[in-house]
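The following pair of complexes shares a single chain, chain A, combined with chain B in the former and chain C in the latter.
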Partner chain A sequence: MLEVKDLHFTYPTGVEALKGINLTIDDGEFLAVMGQNGAGKTTLVKHFNGLLKPSEGEVLVDGVSTRDVSVAKLARNVGFVFQNPDHQLFSETVEAEIAFALKNFGFEEAVIEKQVDWALNLLDVTKYRKTSPFMLSGGERKRVALASILAWDPKVIILDEPTIGQDYQQKEKLQQFILQLNAQKKTVIIVTHDVEFVAECNPRIILMTQGKILVDGVAEKILTDPKLLEQASIVPPQITQIFLRLADLGLPTDVIDVQKATKILLNRLRERS
Partner chain B sequence: MSVFEGFKFRKVSSVVHDLDPRIKFFFVAVLFVMAILFTKLIALTILFFIPLPFVFMARVKRQWLRSLRGAAFLAIFIFATNLIFGYFYPTSFQEITPPIDTLGEYLVLLERAASMTLRFVVLIASFSVFFLTTSPDHLGLALQQSHIPYEFCFAFTTAVRFVPVLADEAQTIMDAQKARGLELERGNFIKRIRNYIPILIPLIVNAIRRSLELAEAMESRAWGASEKRTNLYTLKLKKADYLLVLVSVLMLLLAFYVWLYVPIPSLTALLSL
Partner chain C sequence: MAVIETRDLTYTYPGATEPSIKDVSITIDKGDFVILTGPSGCGKTTLCRCFNGLIPHFYNGNLEGKIEVAGLNVADHKIHQIARHVGFVFQNPENQLFALSVEKDVAFGLENFAMPRDEMRKRVDWSLQMAGISELSERPPHELSGGQQQRVAIASVLAMQPEIMILDEPTSFLDPVGAQKIFEVIKELNNKLGITIILVEHRLDLASNYANHVIVMDEGKVVLNGTPREIFTSEEARLIGVGIPKATRMYQQLKQNGVHLKTVPVTTEETVVLLREVLKHA
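So, the complex of A and B:
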């Protein structure tokens, strides 16, 4: 469980990025952190594995304050996948890249081998096992980076802007993958601008603006509230926009899922005919 | 990374920022020459105070102090080396007849080490004022108007401009690797150096990649298409600039006069009177 209590954070440059955040994330929850650039999203999640320590207030991971524990210790339970895979890939082979963290955490050789195989397979990069990560395409590099985090099977997984630079198919796969992780009782936290992606995943959402949490709730409530979204510089998902404009026909206005939308429209058409 | 902070330009306007960069550089060069001329602690202490009014006028006190703090490690290193080498090779001092055994001789040694360190601090202090108050664009203009080929000016300004970018990137990479359990401070000396490999490789790879992108961007914007480049802005000397030239020249003349004709006592000699 992650608990954030009255968290303030000021960068050494004097910028106050977080101004009193209170938040509790239970085990197995799926949370999307949304908001405009500079709202403090990444700053907030960097507190969850201790990369940043609170200027004021407290962040507790399973009851332990992040102030008292090293990043390496926290990272064992909280995996953080950075936005740009090029900020972490350095090994000669994909295999070695994935094994890097496992070695840092002091896993035994046999366990490392098993976990590397598992992670390679999980993200469908087994065929690149002996390839240099620098030879791979952008999407593949992103998958290797993800594999290198999932390999040690952390309880909490944080993904910073996972959909940037991914094509539609990759996004689709990523979505299934995230939902699958969540089904396995992992806590998944994604930081993103991608409304359509969030709408399809239907997680709990916190909207952030100027270092504060504007609202915390389920996707269906938040993504269908244009006034709220505007404050965080977010546009509602396309399907929601359609339904908001059709409200005068008596259609529900809290639709974010395309499949559900289709059902509603089909039912309506059948009633008519 | 804090040592690079001194090289990061922040756009503010002040009397010092608006000075012609060529003149400012001349002033800093004069300080440089003076710092090299004198070896006595008293003279160097006076030199240390010369850039201070500029720091206050430019309102860059915080950043300036930070770059001094960044240089602290090197300063300590210089102090220690001077102390050690002075102790084992005392022949370079006139005041000492080896071996070093009296208190006076120890004080001379100590004073020499302190003044060598202060010389370094004076250099950092004056050069960081220059870099803190001169935008890279201004610097490039100054070089160009000094009839240096544009290719060199461009290479130079680009290098300066990318220092903070690289410093930021290094920080992100460090975070990404820490999130994978890398502990930079762990192990013996050799291990600690090896710990930096996962940081240096992505940093270098990204720098090379970025330079290629930059080259492409330049070519697509017709780099080198015209023989004679013109500039939207040109530097013109103003009253304050002439004043600073005058002050610099006078300072330099005074310094040479003192150096030639006025013997400066060492602090030790002064105190033992």
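So, the complex of A and C:
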């Protein structure tokens, strides 16, 4: 469980990025942190594995304050995939990149091999096993970064903007394995602007603006409230925009994904005919 | 009039065994707003690097076929000659920002063009304003957020008012409202100044309102080339994994269930009109 209690954080430059955050994330939850650029989303999640320590208040991971534990120790349970893969990739081959943390955590050789194969396969980068991460495209590097974290099977997985540079099929795969990880009782936290991606996943959302949490709730409530979204520089999903404009015909206004939208329209058309 | 023309363009990076782009033959007209899309790793960025001469002059490797940009044969001209015509906003803004203040970064290209100081001042202020970052002018770029850096990178290319602007996922770090603003800025440059736009983008839901020409690549080849409507409504686009707008996907699902809308919608606006129509007659 992650507990955030009256968290304030001020960068050395004097910018107060977080202004009193209170939040509890239970084991096995799937949470999307959304909000405008500079709202403090990345700053907040960097507290979850101790990369940043609170200026005031505290962050507890399974009851232990992040102030009292090293990042190395926290990382075993809380994996963090950076927004920019170039901030975390450095090895000569994709394979070595993925094996690196496993070696550091002291896994046995056989386990390392198995986990590397599993992660390569999961992220569809097996063919690049012997390639330098820096020869890959932006989207592929992003997947390697993800694979290197998933390989050691942390309990909590934080993904900062995981859909950047990913095409539609990769996004669908990403969605599937996030849901799969979540089904395995992993806590998954994504920081994202990608409303269409969130709409298809339907997680709990916290909407941030200017260092504070504006609202905390389910996707179907939050993504269908244009006034709320506007305050956080988010645009409703296209399906929601369509349904909001058809509200006068008595259609529901809390629709965010294509499947449900189609179902509602078909039912409506059948009723009438 | 063609501003970019390639014939059977094939390129292999040094040390690579396979070409990254194969037999690419395309024509981009002056004033086009092009979306270049396709699965990750399909060769989009590589093709863009040919448009401003980074390939072959910076990356070396083996370039075959013909490419002409703004009337210049790319193979025979230096990068700085091509840069006068082609501005490039990189996928990763950190790859292009280096100065100690945002303002200096934005002014750098103009300094290299030896622009008079007064005019440079005007241009820098204008492009900062267009990108919505006037208040960041004194800040060091490396201390900014990913989204803010992306705006600085766009401003620094905007400042040069190139004939052709290439933007490689220029809004990936931006929130949706921020992204929409950037797309609107780009559209305005396209409309008012006639700048040819080449936008590499996966988020077609957002971008499809702005383009008149879509090019889809897969495994190094151009597989689809046409208007947004032609592309988004084609079965191939779905199979290749192009992120067709949700509205278009809903249309497809309705069609599979026997509900036919009059035309294939791409934008929200069109969908609302079409749905009203069928719901009224139901």
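Rule of thumb we're sticking to: the second predicted complex is superposed on the first by the 273 of 273 C-alpha atoms of A that agree within 3 Å, B and C clash if a C-alpha of one lies under 4 Å from a C-alpha of the other, contacts with A are read in each partner's own complex, and residues count from 1 in each chain.
Note that in this section contacts are C-beta pairs under 8 Å (C-beta built on N, C-alpha and C of every residue); 3 or more make two chains touch, one makes a residue touch a chain.
If you're wondering where the values come from, they're calculated on a predicted model, not measured in any experiment.
Visitor: Looking at the superposed three-chain arrangement on chain A, would you call chain B and chain C a clash or a fit?
Guide: clash
Visitor: Check the residue A:64 against both partner chains and state whether it touches chain B (first), chain C (second), both, or neither.
Guide: neither
Visitor: Where does A:82 make contact in the superposed view: on chain B (first), on chain C (second), on both, or on neither?
Guide: first
Visitor: Does chain B (first) or chain C (second) touch A:72, or do both, or does neither?
Guide: It touches chain B, and chain C stays clear.
Visitor: So in the superposed three-chain picture, is A:111 touching just chain B, just chain C, both, or none of them (first/second/both/neither)?
Guide: So A:111 meets neither chain B nor chain C here.
Visitor: Touch check for A:183: first (chain B), second (chain C), both, or neither?
Guide: Touch partners of A:183: none, neither chain B nor chain C.
Visitor: More residues of chain A are touched by which partner: chain B or chain C?
Guide: The partner that reaches more residues of chain A in the superposed model: C.
Visitor: Kindly classify A:218 by the partners it touches after superposition: chain B alone (first), chain C alone (second), both, or neither?
Guide: In the superposition, A:218 contacts neither chain B nor chain C.
Visitor: Which chain A residues contact chain B in one complex and chain C in the other?
Guide: Common interface on chain A, chain B vs chain C: 84, 86.
Visitor: Can you check the complex and tell me which residues of chain A touch chain B?
Guide: My answer: residues 46, 49, 51, 70-72, 75-76, 79-80, 82, 84, 86-90, 100-101, 104-105, 134, 148-149, 152.
Visitor: Report the residues of chain C in contact with chain A in the complex, numbered from low to high.
Guide: Residue positions touching the partner: 13, 16, 37-41, 45, 91-92, 94, 143, 145-148, 169, 172-180, 202-203, 205, 241-247, 249-250, 253-254, 257, 259, 268, 271-272, 275-276, 278-279, 282.
Visitor: Once bound in the complex, which stretches of chain A touch chain C?
Guide: For this pair, the touching residues of chain A are 13, 35-38, 42, 83-84, 86, 135-140, 161, 164-171, 193-196, 230, 232-235, 237-239, 241-242, 245-246, 249, 258-259, 261-262, 265-266, 268-269, 272-273.
Visitor: With touch defined as at the start, can you tell me which chain B residues reach chain A in the complex?
Guide: 169, 172-173, 175-183, 197-198, 201-202, 205-206, 209
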